[in-house]
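Heads up, the next two complexes both have subunit A, just with different partners, subunit B and then subunit C.
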Partner chain A sequence: MITLYDFELSGNCYKLRLLMSILNLPYDIVPVDFFPGRQHKADWFLRLNPFGQLPVLKDDDLVLSDSGAILAYLAKKYDTSGLWFPDDPAITAEVLRWHAVADDITSTSSAARLALGYDYNFNIEKSQRGAHRIFRLMDEHLWFGEKAGRDWLCSPAHPTTADIACFPYVMLSEEGGISRQDYPALRRWTDRVRRIPGFTVMSGIFPAGPAKVD
Partner chain B sequence: MPQAPDPITRNLWHVVAATDELPIGLVETTLLLDTRLALTRGSDGEPVVWLRTDEENGDEIDADSVLERLPVRTAYGYTWTCLGTPDAELFPIPEFAEPDRVNMSCGSIGIHVSAPRAVENFLDMGHFPYVHTDILGSEPHTEVKEYDVEVSEERDEVLATKCRFIQPMAAKSAVGAMEVEYVYRVPHPFCSVLYKSCPEDETRRDVIGIFLQPMTEERCRAHLLQSMIDSTSTITDLRRFQQTIFGQDKPILENQYPKKLPLDPRSETPIRADKSAIAYRRWLSQKGITYGVIPQAS
Partner chain C sequence: MPLSLSDPNWYPIASSEDLPFRHVYQGQLLGRELAVWRADDGNVNVWENRCLHRGVRLSIGINEGQELKCQYHGWRYANQSAGCTYIPAHPADAPARRIENRKYPIREAFGLIWSAANDDQAYAPFPGSDGHDWFALRPMPVNATPEDVVAGLARLAPDDEPADLLPALVVRVGGVTWFVQPVDAGRAVIRGLLPEKPADELATLRHYNELLTKLRDRLERAAARKPAPEPLQPVFEKVSADLSTMPDIAVPRGNTLTVVVKRKWQSADGVIGFELADRDGKHLPTFQPGAHIDVHLPNGLVRQYSLTNGPGDLSRYVIGVKAESASKGGSKVLVETVREGDLLQISEPRNNFPLRRDATRTVLIAGGIGITPLLSMARFLDKSSLPYELHYFTRNDESAAFSSELGVLHGHVERHAGLARDAIRAKVAAVMGPYQFANHVYICGPGAMLEMVQQVAADLGWPDEAVHFEYFQNDKVIDSSSAFDVELARSAMTLHVPAGKTILETMREAGLTVPSSCEQGACGTCLTTVMEGEVDHQDVYLNKTEKASNTCMMTCVSRAKSDRLVLDI
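Let's look at the complex of A and B:
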């Protein structure tokens, strides 16, 4: 049985809820009071993850941390289609490359959100600038992708865990004062992610409207 | 330069922190009415608030060394201060003292909108099915039924009663959909308290407070209070429920334009469901509040 140590307003926790919803995987939630209770720094939590970060996922006796690593684990273990974390070496590298971008989005877009909303002592302007730089690169990548018939961050004709990993803190960027107005291809991609069968929301992220039918 | 707050706003008690979350012996910084504040707690646990100069967040400090202090009071788990001459009393929430209630802060969350916009959103039931889908409302039960609103002269507060709504999951303790009755109070220009039917005990009401700290005219911090009748949920569960709701409101609030609340009745078009909002706007106008609002042209 899978147990997720979870905070509702965390985009990193939401990545796992989202993939498990898409894969139709049942799981239990143990709520962790990240804010204001700072339970992720409590002794009992540090025994699960000495780095003191959410999320943590337990699968029977196996304890895992880091959202990107857990996405890969869940896909490799439970996605019978093999599409979400493909075995092909070149595509694995592409996916992991975007997992790293997702961490950069966390350290910029999510940092700005934590500073403005949750009183964290991060440099707001620097975080916002960093997020804009990443969003510009993503927008270009996705725009050229659309021209070439590629809808997702990686080259396969279907979404991968790369899309799941990058999605939440792109969607929550406005809470960090980072507008997505100048990134139309990025916005179209967020709509496509929100139309993946099994998609689920978190607080602060609303479902997409229906796609245009030609 | 920000404009100076109106005298009514300046003399109010304003919430600045959840008292238990203020570190003892360390500085926390915040903003109130465009004014930089520093806060800490002494070894006796009592909060101390003063005008910030060169203090930084996390600096070590001995509260006893702070001589020039702002007035402070603690109420409902929160620390309140005033930049002017405060009233003797803060509005009452008598339920808070009932011994079997679970009282808790649910986090102090910054929002990029004026404090009055956040109060008004708190009063609105019309958005429940669309923003809090499958929790506080669901289609097709979207109607806001007729309710009563009055301004109590004696208590100087806006009061909305007989508000009813069908809610799929009214509280953490709910086990199914129920028609919930709400009473809303606005006992302070930037604070509201709601009473809603309690799933666990039909004779009593859960109490949820939202206390807004106006940081600037277009930014505030929402300090959330829950005072619940719930014998089974943990504090973590109860906080999570409230934060889920608030997290859904946040992007909606931050997309409101203008960020200040317009008080001119012709500036936005109300519907019947907005009766309490209309009374709130009129009450602010009559009080002479100009901070965080667009006053009616005289």
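Let's look at the complex of A and C:
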């Protein structure tokens, strides 16, 4: 049985809830009071993850941390279609490249959100600038992707964990004072992610309506 | 040249391809944020990015195809008019007719979406636009003043072939026409057009994207060395009194629109379709499913017809008219003498038959020409992917109207032709089944059928508030022989209503302004709260439960059984 150590307002925890919802995986939740309780720095939590970061996922006796690593684990173990984390070496590299971008989005967009909404002492302006720099590159990548008939961050014709990993803190960027007005292709991609069957929401992330059917 | 909030120029605000179906684009022009969306019929809407209910950005809302739904409280706004069509907090009511979001002028041309801050200047294509198959480049947002961006673009030109600076922030350099969209005092978007589609599209797009990226980086480094300009401060106009208050007299009879009969056709045996449109091609006023219009006929009669249109379809109104109507001189005139190209006077749409969108199951039952409002309802439910079933009873197959319109619906649509009265009754009972919570049924058809379905519904335990129907007119003979007093609680006034005079007339004679419309107890406009006394209901608007509650009445026809009534007026 899978247990997720979860904070409801965490985009990194939401990545796992989102993939498990898409894969239709049952799991239990242990709520961790990240804010204001800082339980992720409590002794009992540090024994699970010495890095003191959410999320942590337990699958029977296996204890895993880092949202990107856990996304890869869940996909490889439970996604029978093999689409979410493809085996092909080149595509694996592509997906991991975007997992790294997702971490950059966390350290910028999420940091600005934590500074504005959760009393974190991060440099707001620097975090916002950093997020805009990444969003510009993502928008360009996705814009040229649309021109070439590619809907997702990676080259396959279907979404991968790269899309799941990058999605939450793009969508939550307004909470960090980062407008997405200048990134129309990025905004269209968020529509597509929100239309993946099995998509689920979190606070601050709204559903998209259905696509047009003829 | 500082930017002006009242700049009348048209600027490109998006590329055509920025607006796929079911997406809401977030834009900005001269400090004003915009929600831009393409409806399923292709029409592009440019609205202020603010729901006029609680101010939430409409760009995070849902493009439902022909309506935009605000993410916060679910208010729906119609394609074209931006009029409010549904308020989930008042699911059983039709929203006030005049609630309308602020919209901006729009034109789609040369692969770009154009808009302006106001309507002061008619759209004109940019100079030299004729005769080319324009190709839009990837737009480039820049955090620099629009004038600095124009200057930067001009510097792209080689010394021996200087750039052409055109009005409205346009720069022509070599073969490229660059438009600078003034987003705000310190922000701009560069939008480039090539006169022809290049041989290698992707390589060309990449080339110009690289060029613009370098220009952007230079401009932003320069901008960072200067003090940032104050952002423009657009004034958000207050909601007009028209919008925020009830109109004095809801719908004066004389308030009509002139429309032209665009198309007249035989929709089925005995049913004639009429397509009515604005003479200048503008859109018609917002309507909600179930709405009807008054049509002023050439012989002086006024008749009501339900709109069949789907959501956000305001380019025309389509009505269905029964050819051999018993109404002497009413529909007959329309069918026999009105031709394509003729002008007609109609009222703005009114809705006495509002459709709830919070039902778990919606059953639509149409008899004959009664299909018209139910077709509209089915189209709305269809677009919102809400569950419904439509049962359409006709005398025979040939008299089933609007077949192609019904054919494209995704819901459960069933036609029943040629059933006898008992068979119709049995079918209706089987279709409706025992009442379950949040089920609603809507009926439109001949009077006998209306009564039959109401009876069936009552037998199956359906409460009155789940059974919806509409009377266009009150055929009852009004008994105005009683005489009584009305005490108007808020106005601190007691009036005597003599026999032969209505409460409404008595109140007007006493100088009160009271809204009314049909004045025959059918439309619901003069609905009034009753505080004391026993009402003698003579209208067809209130249902049995409402009448029995003795808490409201229609002052245009209903009277008092008691000597005295106390009204909340």
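Some notes on this structure:
Assume the second predicted complex is superposed on the first by the 211 of 214 C-alpha atoms of A that agree within 3 Å, B and C clash if a C-alpha of one lies under 4 Å from a C-alpha of the other, contacts with A are read in each partner's own complex, and residues count from 1 in each chain.
We take it that contacts are C-beta pairs under 8 Å (C-beta built on N, C-alpha and C of every residue); 3 or more make two chains touch, one makes a residue touch a chain.
Just so it is clear, the structure is predicted and the values come from calculations on it, not from any experiment.
By the document's definition of touching, of the two partners only subunit C reaches A:G209; subunit B does not.
In the superposition on chain A, contact is made by A:D119 with subunit B only, not with subunit C. Once chain A of one complex is fitted onto chain A of the other, the partner contacts of A:D33 are limited to subunit B, with no touch recorded for subunit C. Within the superposed three-chain model, A:R180 lies in touch with subunit C and out of touch with subunit B [touch as defined at top]. Of the two partner chains placed by the overlay, neither subunit B nor subunit C lies in contact with A:A42. With both structures placed on the common chain, the touch criterion links A:K147 to subunit C but leaves subunit B unconnected.
In the superposition on chain A, A:L9 makes contact with subunit B only, while subunit C stays out of contact range.
Comparing the two interfaces of subunit A, the one with subunit B and the one with subunit C have residues 206 in common. The touching residues of subunit A, counted against subunit B in their complex, run 7-9, 31-33, 35-37, 39, 116-119, 121, 174-175, 177, 202-204, 206. Every residue of subunit B that touches subunit A in the complex is listed here, in rising order: 18, 21, 30, 57-58, 105-112, 221, 234-237, 239-240, 243-248, 250-251, 254-255. Remark: subunit A residues 140, 143-144, 146-148, 180-182, 184, 187-188, 191, 206-213 touch subunit C in the complex.
Within the complex formed with subunit A, the residues of subunit C that make contact are 14, 17-18, 20-23, 25-28, 33, 40, 60, 62-65, 69, 71, 138-139, 141, 189, 201-202, 205-206, 209, 385, 410.
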